[in-house]
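Paired with chain B in one complex and with chain C in the other, chain A is shared by the two complexes that follow.
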Partner chain A sequence: MTFKTFAAGVALAAAFAAPAFADTVKLIDVIELSGPGAPAGTNWKNGSDLAVAEINAKGGILGKQIELIHYDSQTNPGATRAAVQRAVDEDAYVVLGPIFSGPISASMQITQRAGVPQIVGGEASAFTKQGNPYIFRTSLNQADSMPKLANYLRDEVKAKSVAVVWINNDFGKGGRDAIIPELQKRGIQVAADIATESGQADFAADAIKVKNANADAVFVYLNEEESARFLRAVRQQGIAKPIIGETTLLGAKVIELAGDAANGVKGHVGLLVDAPNPGFQAFGKKYMDKYGFTSDHNGIKGYTAVYTVKTITERIGKFDREAFAKALHGARIDVAQEPGILIDTKWLANGDVDRESFLVEVTNGKPVVKATLPMINP
Partner chain B sequence: MTRKLNPTLLIVLLAFPILWFAPAGLKSYGLYVVALWLVMSIAAMGLNLTLGYAGLTSLAQGAFLGIGAYATAILTVKAGWSLPASFLVSTGLSFAVGIVLGFPALRVKHHYLAFVTLAFSVVVFLVARNEEWLTGGVFGLANIPRPVLFGIDLGGGLAFYRFVLCVTLVLTLVMWWLLHSPWGRAFLAIRENALRAASLGIDIRAYTLLAFAIGSAFGGAAGSLYAPLVEFIDPAPFALSASFVLLLTVVAGGAGSFFGPFVGAFFSYMLPELLRATGGWYLIIYAAVVLVLVMVSPTGLLGLIDRWRDHRSQRRAATIRAAARPTLGARQGPQQGSAS
Partner chain C sequence: MELPRPRPRRILGQPLTLPMLRMGPFPLPGREREKNIRNADMDQFLQLIVAGLATGAIYALAAIGFTLVWQTSQTINFAQGEFVMLPAILVLAASHVGLPMWLAFVVGTVGFVLLFGFGFKRFLVEPMQRHGVLPLAIATMALSVLIKEAAKNGFSAEAQQFPSLVPEGTLSMLGAAVSVRDLAIFVVAVAAILGLQAFITHTRTGRTMQATAQNPTVARILGVPVQRMILLTFLINAALALVASYLISPVYLAKFSNGEHIGLAAFIAAIVGGFNQIRGALAGGFLIGLIDNLAAAYVSSAYRTAVPLVVLVVVILVKPEGLLGRKEERTV
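Moving on, here comes the complex of A and B:
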């Protein structure tokens, strides 16, 4: 009987491969649909579905309809690797996702080896430093965002000391390791350096530590759900110091979950549906109409990732992965040329992106843009 | 005794060539999943020894998987060792740590032992995460090499899968030998009745430690294959949940049954991948299957087969008895027939 189980396992495993269709172009999205990354992954998935529906309605890419398949990465490096391997086996033209950095690090060698471009949603700085010619971002590298934030803390907030609260995963640790030297360079003292856990439910103790540190400002670098819980804990402790963050802290999901506790939070945001930019606003409305909630930056990333594939493929005039990767390095896509890209974007030689970004403050449960920061190297 | 042993060995030896040739047509994804199944089967085999045969509830198998994986990753990436040498050192290290952790097992039992091993799992996870100079911390260790052995490049999916299969065969035979040696019987004797085992001259202390250490060494061996299989490790796959899944694997397969770990690992690691065809529902379906399985058969999938077999043989016996009843009744009178 056991032997039969073995045989059945092998036979079932043989059924893994799926056929490909010639008149469509296949994009495979390996994304966080369960686990800690699910809020981010769901936004990305919806955004990419929206873009595919629009492009297909207008005739597809070079006359071919896009077939977009989503595989759940479970926010787990091993499962992501299996899914990316499956995507490569199934002859994906481009792999989209994932968003979390650990799963990206575990899977990017597979696409590199197979020569398949991979457009990811990660912000951690490490994976574009490894010379992989097939990895591309959809958002700013955290190493590029942090100097902008440190300037903001020095010039606008006029903070002399900052308490840094971060989440102890590669995203949070990477952000913490990037911001602290930037603060020190500007003569800002780090009054407290507080690590928190992924999936942590109670932030009361951390909020008390922040209160006791009595810094001029609090810098918060957590994932979505943790950010919301931390903001609520901070308000319960009656902390009135400015709370400053990067994209995630000012995201739609955090504002929704934190409620009133999000009011007054300020920071630097890479992508935002409320930005004073007609493209973002139109996208935000379409997304809201279809899914019934406001897209966060990950929805924009998923949407623009698909439009990036479309634009670059049309530029090279064929479905050629190697030519695609070559063309995307150093490419610049302007909204004037492709409105679906939403904001003028430039890709650097290592796959990082450069674009405008925003200084935002949450007022009455809405992120309000206070200033627009230019590209680093326009 | 030998007549009873042969089927197990026969299945192992028959399965090997089938598993060697059957996945040849699979692409890299299928090969990866089948190789992962084998690796996790090794870890589950170790836990099956500790839990199923020696009766020690351990929640540390995921941690030993991590110890093996990190030892191999550090030795191959940072120190440039070969995989076979790293494999031996990783397995030996897990064995040694297993002995140390085995000492509490002498003092506490059942869920208290589970708590001790749970704490140990958390400690291993925290070391892996916080000691960045050694383990790479949350950023993990990338580009773990797959070796070239005896002139064969194991970089490809099929070659590495077959390498894993060979190691699995060797470790399965070791486990088989172990369980049918006096050691294996001593483990069983301790599980069934420690006092009686001691009265028969079994050194309970030594055998309990040994069961724990050997089970841990299998976990370490599995970790040592896991690292080059995934080629990247970070602390997440070795967190407490990994130990819970391995415990589920052993229980779902059938604790104390020789092929239980293989069936259980198929259930825990391959079934979710196969269920992906159901789209967003796959984890919900998987969880429901686990619930039903544990409710219907606490003895695991192989226990289900055993129960079915028992049920059938009982029914057959009942049929024979029923058929025999009129004859007995005719000879011995109706009052005795009803007693059968």
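Moving on, here comes the complex of A and C:
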């Protein structure tokens, strides 16, 4: 083969390959499709798929179709690091996910080094405190949720003592470390401080400890499946004290798995398809029609993450990762501008988000919104 | 002569007064509080014992499976935990294709006993046994992975609700409110084990099974249908796994990974109790269940898995055949 033939071949290949590449923009979703995070990851994946289908049907982003690839993080920090590295190597425009805070903390340096924006579903406060300009949330930071919950425990539940049950991972430790000072500031005694393990199946001993702590209320900060198992164990032990929690405890999957044991559970929720918000309700219906079950907050996170990419990219008018990250810091996306964002959302300088949230109670197997809480810094 | 005056007794630096004597050395509220704390501690302990026995009953059912397979094929079934996980998944899979729940239970039960009672013996144990114990043990490890991944990919990676056959609620026992479900799990599991024990010791078939387990060559010479007895043992193992699965899945939720924890705990229980004795597996199951729950409450959830392992190490060092086991040439 002569050099001319080779060069012609390369030129021909480039001519065919270049338009195909130019017509798509690659988003890589590193998400929990197995392991303890599977319920959360499945919802996120479905939500992001739904958004991509809608955006592509309307012409994509700046004329390019979105190519969304999912990699299973296995809810494991090591597997997450490998998947994020692969995403960077495969030239992802933006990395989506994961949701669990431990795997986020273990992998976000990879996207930071490569200068690739990463939009995650985690709530632990630690990872947006590290000055990483490429990390962005889709949900409220747990440190912003806990004062609201502590006020609720003091003012509405009238609790003088609370048993705190948390999961021993980055998410749970962060929640525990955030809620206890808030309770103490309000003069509420911590009657029991109970750590549980990720993937734990048997919660009988923990429920018995809670029962004998005889606190006025129980604060639960566990992941989805563990929350459901704990609620079942609590009811099995005949505990009738108010059970209060954050978004996860009131998620659709927890309510489905816990069954009747979820009734009466109350708490603070950042995103909810049953909230009095037309955007959430329309999304909830679309999701139900397509997948046959109710989306939890992670479905909304996955959906809005893709619309965030679309909106910010269209604002900067080009596919430039650095410009994207700069533009998203301090950005505000309102539903009036982009209905796909579902709720007016503001990103702070550290990648945290600020938006309205809800106080919810589970009644007859359904989360019912009791009050809407405003943005912290509108 | 004047007698020395006795020094007034003092309590907490204060002279003892008549009202104090009437009330006792400490104010009544304090004593009551102390008594209440003691009572609460006792209540908690009793509740943990009941919960531990319920957990232990499940471990015992699975541990007996280890013993049965050991006695008939001299190997360890490393898929025993997955045997406990799978029946609940099969029932849910049958209900997801539209069968009513009662029929799903029938399909799940029959399907599991055929596949993992008859099928396990016919298609895995028999072909592998002639190659020795180690290849068979490795084959059961492969089976464990296969069952787990098939349940994950073929059904769901997420936990699923499983219907409970027992009502929720509590029952007052010695002044403490204990869970009805825990008691029911304990009673049903113990009834199944006692039934098995009665079958093995008081029926002709059971004694023939024992003879087969003790010396299959002599049993064959004496006209015992050895292969049929071995098959019966595997069917009993599958039935015990079924009972354990239906009892525990409403509590743990049905999930492909449930077998990991149950399998490990039952394996420890079987070794601690005595791998070659059903009564050993029974005792080991209850012991490990109790230790598991008490460790979670009084040590920490993080170390609850470690404490039974420490017990295992101690038993292996002190009594390698297990607490109620029989000495053999080979010990586990």
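Following the convention adopted for this analysis, the second predicted complex is superposed on the first by the 358 of 378 C-alpha atoms of A that agree within 3 Å, B and C clash if a C-alpha of one lies under 4 Å from a C-alpha of the other, contacts with A are read in each partner's own complex, and residues count from 1 in each chain.
The working rule: a residue touches a chain if its C-beta (ideal position, glycine included) is under 8 Å from a C-beta of that chain, and two chains touch if they have at least 3 such contacts.
Note that the structure is a prediction, hence the values are computed from the model and not measured.
Enquirer: Looking at A:Leu33, would you say it contacts chain B, chain C, both, or neither? Reply first, second, both or neither.
Expert: After superposing on A, A:Leu33 lies in contact with both chain B and chain C.
Enquirer: Would you sort A:Asn76 into first (chain B), second (chain C), both or neither based on which partner it touches?
Expert: In the superposition, A:Asn76 touches chain B alone.
Enquirer: Just to be sure I read the superposition right, which of the two partners does A:Arg232 touch: chain B = first, chain C = second, or both, or neither?
Expert: After superposing on A, A:Arg232 lies in contact with chain C but is clear of chain B.
Enquirer: Contacts for A:Asn168 in the overlay, against chain B (first) and chain C (second): which applies, first, second, both or neither?
Expert: It touches chain B and chain C both.
Enquirer: Under the stated touch criterion, which partner chain does A:Asn364 make contact with: chain B (first), chain C (second), both, or neither?
Expert: neither
Enquirer: Can A:Asn212 be said to touch chain B (first), chain C (second), both, or neither?
Expert: second
Enquirer: May I ask you to decide whether A:Asn377 touches chain B, chain C, both, or neither, giving the answer as first, second, both or neither?
Expert: A:Asn377 contacts neither chain B nor chain C.
Enquirer: Quick check on the output: what are the common chain A residues between the chain B footprint and the chain C footprint?
Expert: Chain A residues touching both partners: 33-34, 168.
Enquirer: Would you tell me which residues of chain A are touching chain B in their complex?
Expert: Interface residues on chain A, with respect to chain B: 1-3, 5-7, 9-10, 12-14, 16-17, 33-34, 71-72, 74, 76-78, 81-82, 85-86, 88-89, 102, 105-106, 109-110, 126, 130, 168-170, 172-174.
Enquirer: So in the complex, the part of chain C that touches chain A is made up of which residues?
Expert: Listed in rising order, the residues are 40-41, 43-44, 47-48, 51, 54-55, 152, 157-161, 168-170, 177, 179, 181-182, 250-253, 255, 257-258, 261, 292-294, 296-297, 300-302, 304.
Enquirer: Along chain A, where are the residues that touch chain C in the complex?
Expert: Checking each residue of chain A against chain C gives 33-35, 38-39, 42, 168, 194-197, 199-202, 204-206, 208-209, 211-212, 214, 225, 228-229, 232-233, 235-238, 253, 256-257, 259-261.
Enquirer: Which of the residues in chain B end up touching chain A in this complex?
Expert: 11, 14-15, 18-19, 22-23, 25-30, 32-34, 36-37, 129, 137-140, 142-143, 230-234, 236-237, 259, 262-263, 266, 270, 273-274, 276, 280, 282-283, 301-302, 305
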